[in-house]
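Take a look at these structures.
You will see subunit A twice below: alongside subunit B first, and alongside subunit C after that.
For the complex of A and B:
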C-alpha cells in the first residue's frame, strides 16, 4: 500500500491520508507536494541506472554492433551493413547450425541425467539417516568450485594415459573409451562433468520441496496399504512436479550458456565435437574479434533463450 | 514518507564537499615520480624468470618493471582486449609470431625501427637476432617486435635406444625382411642399405624413414608400454606439427602470389603422414599437448617425438633422472623445417611510457638480457648466445641439461635460410594480417581430421575454405585466389 500511495492523484486524497499536504506537522518543515511527487522517481533511480547500465545499455550496444561489420583487429573503420550479419548467420554459417545442435544435445543430455539423479539423491537425503548434514555438505561441494579450475583437473582425469577415470573404467569393463579424444565420447565427457557439478544443485532444490510436503497424504496411504513405490508415484511425484519443472528450467538455461568446462576440458574439440553455441560465440567474439557478427549471433541466442525459458516457465506454472 | 529541509541540506553539503575534494585532488595531483613499466607475459616459469631478471634491469636503470603473468591459453585475447581498447594497460606486450602482422596492421604496436636506429649497436645488435625471426617480426619493412624466447621445432629422442646394439640389430632384421612387417605399409626392400640401419632422427631423414622407425618401435617393441612416437595431436598444437611436415615437403599455406594452396598436394600429404604417425602414438595423443608428450617421454612410453619444441629440452632431459640408463638427445627437424615460433616483445602504441618500455625491451632482448636468460635456462633467439662456447655442452658439460638444444636451434634456423626459396622467406602466412585467426581455424580443422571426423583431403579443403572466408575473399562463396582490389601485405 505504501508504494502505491505515491502514485495516486493527491487531489483526490483527503488530507489525513496524505500528511505531506500540510505545510507544517509537529513543527517540522515539510516538502511541498510539488517536490514530493518526484521522491518515488528518485528512489527508483539507482535501480533504473543499474538496470540500464548493466542490462539495457549492453543490449542496445549489441543491437547496434549487430548491424555493423565491426572487426576489432581491422584498421578499417566499421560500416553499417543492415541485416547482413543476420543473413550470413541464417544462410551461410553451417558451423553455427552445428553449434546449435551440439548445444541442444548437451542440454538434453544434462537434463536427462541430472533431474532423475537429483531427485534420487534428494529422496535419499530426505530420509532420517545419521550424519545427513555431513552428506548434504559433501553433495554440495562441487557447486562451490570454479569450473575452470576443476575442469583442468577433469581434463587430466579423462586423459587416456594418465587419467584415473580411464583406469577405473578399464578395471571394471576391461576397456575404456578415449574420453576427450574420441569425437563420439567427448560430448559425453562434458555431460558427465556437468552432471557431477550440477546434480547437487537439483538435489538441493528438490530436497527443499520434499521437506515441505505435508505428512497427511502419506499417513492415509500407509493406512490404505500403499507400497513405497505407490506413495512415490501417486503422492510425491505429482506434488514435486512444479519444483522438478523449475529445477529443469534453471538447468536448461544454464546448460545452454555453458562455456567454461568445455574450454577447460576439450577446447571445443576434438575438431568441433564439443563446440557449443556459447563456445562458438567465444571463438568469434574473443578470438577473432568479429564484434559485429558475434553481436548478431549472441542476440539471436539471447532471444532463443528468452523464448524457450518463457515458454518453459509458463508450462511449469501450469503444472 | 517525509524528507526534511535539514536532510536535503545535509545531502547537498555532502555532495558539495565530495565535488570540492575531487576538484582539489585533480588540480593538485602529482603523477608518481618513480619510473615503471608494465609487461604482460606468460604465467609460470616465464613469469618467475621474468620477475627475477627484471630486478637486475631495475638496479641498472631505476625503472621498475611490473610483470603481469597471464596464462598462455588466454594471453592472446587478454592482450588484444587491452590493445584494441587503447587502454595502455600493458606498456610491453608479448607477441606470438603468427599474430604480429595482425597487431601491427591494426596500429596497436609501436614501430621499433626508429628506436633501433638510435640505439648503439653494442646495446641492441639487431643483426645478431636469428634471421628468420627478423623476417617474421617485421611489417611493411618496419620492426614491431624483438624476440626473446624461441620454441622452434626439432626432434627429441631417447639416444640410448637408438644407440643400443640389440635394438639396432632388431631394426636391421625388421627392415631387411618384409615378411616381418605389415605389407600395407612402406616397403623397404629397395631402400639403400644405410636406411635399413636405425639412425637418429634429424633433418637428413625423410618422413618415410621416420614413419618406419616409429612403426618399428610400435610393432617390434620388446617393452609392451613403448609406443612409436609422441605427438601433440590435441586441439592446441597439432597444427604446428602438421605445418612442420608440410613445409618440409615444400608446401605452404599461400604461394608466391597469395593464392591459397594449403589444400594442395603437399598440405594433404603432410596430413596423411601425420595420420599415419598418429597410429604409432599413445592413444592419449589426441588429447595431448606438449606437456603430455614430455610426460610420455619421462614415463618411458615413447622413443622419440614428432616435430617438437626444442625449448622443452630442460624438461625432456629429466627423463634421464626417471628412467635408468636413459640418455636424451635432440636434433634438427625431420624433413628440415619446423614451425618458426618465438615470443617477441613489442610496445603498445597506447603506452604512456614508450621510452622506458623501450629501455626494458632493448635490455631484455639485447645481448646482455639474452645472456642472463640463457644462464637461467631460457632458449635464446640470438646467434652470439646460441654459439657461445660457455653454453656448448662439449666445452662446458655443466650446461648440458639447460643448453644442449642450442645447436639444434641454430642448425634448424640455418636450414630455413638454406632451403627455402626466396619468396618463402618468410612463408606468406606470417605476413597476412588475419594469420592469427587462420592459425586458430587450422587447429580446429586439423583436430577434426586427426579425430577421424574428416579425411585429410576433405579436411584440408575445409581449411582452405576457412582461410578464404576469414580473408573475406568472396561472399557467400569464397575464392581461393585474391580478388581484384585485395590489398596485398606491404613488402618488407
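For the complex of A and C:
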C-alpha cells in the first residue's frame, strides 16, 4: 500500500482527475468492499450468458435429436430410437470412417508441410535485410483474406483445362496432374492451398520467437567454432520447440475444423475425394437433412475436437 | 581478410533475397491472378494457355454491381460487422477486466470461453439451423450477428486480458486510495490505456466477421446475405462466372488488407490469443 501511495505522489496521476478525491475516505469504504464481492461475477455475466446460451443450448438440442430418427425431408414424424444413431456410426457407415481418415490426412499433410516451411521462412525473415518489415506485411496478407474469396480463385487456378497452375507445372515439368479434377490429387490441392494461406501464420509466430532468442549462446558457440547448422540444430531448435508446438496446435485445431476452403475449391469432390469429417457433416445435415444422424455425428466430432485440442493446449502450451 | 568477409556476407545476403523473393512471388501470385482475371473478358479468362497480356475491361465490375446482390451484401456485412463490434467489445472488455483483476472462476471460466475457439462451427450448425428456424430467425441479420459475436468473443477476451495484465494494477489502486471508486479508476486510468487494444480487437473482429462464410451460407438466403454469400453465388448452369467472381473477390478483399495494415504489429499476438508477443 505504501508503495502505491508513493507512486501516486510522483505525479503520475494529476489530482483533479478524481472528483471524489477530496472526500476523506480511509482506504476503500465498507460499502465498496461489499459490492466488490459480486462485481467480478456481474462483469463476466454477459459474456458467460452469450457463451453458455449459444454453446450449451445447441448441445442439448443436438443431444435430443441424436436419439431420434429426424429427417427434415420426410413427412413422417420422428420417433425416439435410442442409441441407434451412434450404433450406425460405429457399425455401418463406411462413408463416415472414410471421412475420418480424410480429416486426419488433411491435418497431417498440412502440419508436415507448414511447420518446416514456416520455420524456413521465419529464418529467412529473421535476417535484418533491407525491407524486411515490408516483407513481413506482405507475408501476412493471406491470413486476412476470406477462404471463400481466394479459395475460389484457387479453384480457377487449379482448373484442369485453363488453370494457370496446370499450365505452369506442365511447362516446367512437361506434364501436370489434373489437380482438383483428379481424385488422387484433389486432397493434395487443398493441402497446398491451406499451406499457402497458413504457412505465414506459422512463420510469423516462429519469427517472433526467433527475435526473442538471447544472443549469448550463439556468441559462445561461435567462439568454440560451431557451424551455422550446429548452431541451428543445438541452440535454435531446442529453444524454439515450445513455439513450434504452439503453432502446430493452432494449425491442428484449425485444420480439423476446415470447411470453407473445401466448399470453395472442390465442393467435397470429385466424388467424395475431399470430403473430410466437417464436409461430410454438411452433406448429411444440409443435403440430406438427416438431422437426427447429423446431430449424433456432430456430437462425436465436437467431443473429439475439443478433447484433442484441450489436451494439446494444456500439455503443449501454458495458455 | 576483411574484403573476403564482405563479399561472403554479400553473397549470403543475396541468397536470402532470392529466398525471400521466391516466397513473395508464391504469396502474391493468387492475388495477382485474382486482380488480373477481374479485368479480363470471358474469352481471355478461358484461353489456353492463360494470358497475361490482353485488352483490359471493366465489364466484370459492372456485372457485379448490376446483376449480383453485392450492394445488399455489402450493406448487410457492414451492419453485421458493426453489430458484432458493438456487442463483443463492451462484453469482452468487462469480462476481460474481471478475469485480469479478480481472476474470476480461477481460470475455469476463461478456459471454458477458450473452448469456443476449438468448437467446429460445422458441428453446431445443425442445431443452430433448427433453433433459428423455430424462432423465425433464418435469413435474419440478428442470428448471424449473434453467432459471429459468439465466435469472436474468446479471441477478444483473451487478447484484452493479455493487454490488461500489462497495465500495472498499482495505477488503479493508487487512484482508489485517493478516493476514486473502482469504476472511476477504470474509466479515468485503465480505459484510456486500453483504448488502442480495444481498437485492435475490434479490427480483428471486423476481419473475422467479414470473412465468415459457413453461417452466412447456411443461415441466409436472400434478405440477410453477406458478401461471402454473394461470392458463393457465381456458379450457373454453364459453369462459374470467373470474371465477375474475381471482380467481387477483389472488391471484398481490398478493405481487409487496409485493416490488416493498421494492426500489422499485432497480427501474431492476435491470432495466437496473446500467447506470442
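One rule holds for everything that comes next: the second predicted complex is superposed on the first by the 268 of 319 C-alpha atoms of A that agree within 3 Å, B and C clash if a C-alpha of one lies under 4 Å from a C-alpha of the other, contacts with A are read in each partner's own complex, and residues count from 1 in each chain.
Note that in this section contacts are C-beta pairs under 8 Å (C-beta built on N, C-alpha and C of every residue); 3 or more make two chains touch, one makes a residue touch a chain.
Note that this is a predicted model, so its numbers are computed, not measured.
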Identify the partner contact of A:108: answer first if only subunit B is touched, second if only subunit C is, both if each is, neither if none is.
neither
Is A:311 touching the first partner subunit B, the second partner subunit C, both, or neither of them?
neither
Tell me which partner A:137 touches in the superposition: subunit B (first), subunit C (second), both or neither.
second
More residues of subunit A are touched by which chain, subunit B or subunit C?
C
Please indicate which partner A:74 is in contact with in the superposed arrangement: first for subunit B, second for subunit C, both, or neither.
first
Touch check for A:160: first (subunit B), second (subunit C), both, or neither?
first
First, second, both or neither for A:200, with subunit B first and subunit C second
second
Just subunit B (first), just subunit C (second), both, or neither: which does A:302 touch?
second
According to the stated criteria, A:39 is in contact with first (subunit B), second (subunit C), both, or neither; which is it?
both
So, A:286: does it touch subunit B (first), subunit C (second), both, or neither?
both
Overlap of the subunit B and subunit C footprints on subunit A, residue-wise?
19-20, 28, 36, 39, 155, 161-162, 286
How about subunit C: which of its residues touch subunit A in the complex?
13, 16-17, 19-20, 23-24, 26-28, 30-31, 33-34, 37, 45-50, 91-92, 94-95, 97-99, 101-102, 104-105, 109, 112-131, 146-147, 149-150, 153-154, 157, 170-171, 173-182, 184, 188-189, 207, 210-211, 213-214, 217-218, 227-228, 231-232, 234, 240, 242, 245-246, 248-249, 252-253, 256-257, 259-261, 264, 267-268, 271-273, 275-277
Touching residues (chain side subunit B, partner subunit A) in the complex
1-5, 76-77, 80-81, 84, 102-103, 105-107, 233-236, 282-288, 292, 295-296, 299, 301, 433-434, 436-437, 440, 444-445, 447-454, 470, 475-476
Residues on subunit A engaged by subunit B in the complex (per definition of touch):
2, 6, 19-20, 28-31, 36, 39, 72-75, 88, 91-92, 155, 158-162, 178-183, 266-273, 275, 283, 286-289
Subunit A residues within the subunit C interface of the complex
1, 3-5, 7-8, 12-13, 15, 17-25, 27-28, 32, 36, 39-41, 43-44, 46-48, 50-51, 54-55, 57-59, 61-62, 65, 121, 124-125, 127, 129, 135-150, 152-157, 161-164, 167, 196, 200-201, 204-205, 207-209, 212, 243, 246, 250, 253, 256-257, 259-260, 263-264, 278-279, 281-282, 285-286, 291, 294-295, 298-299, 301-302, 305-306, 309-310, 313, 317, 319
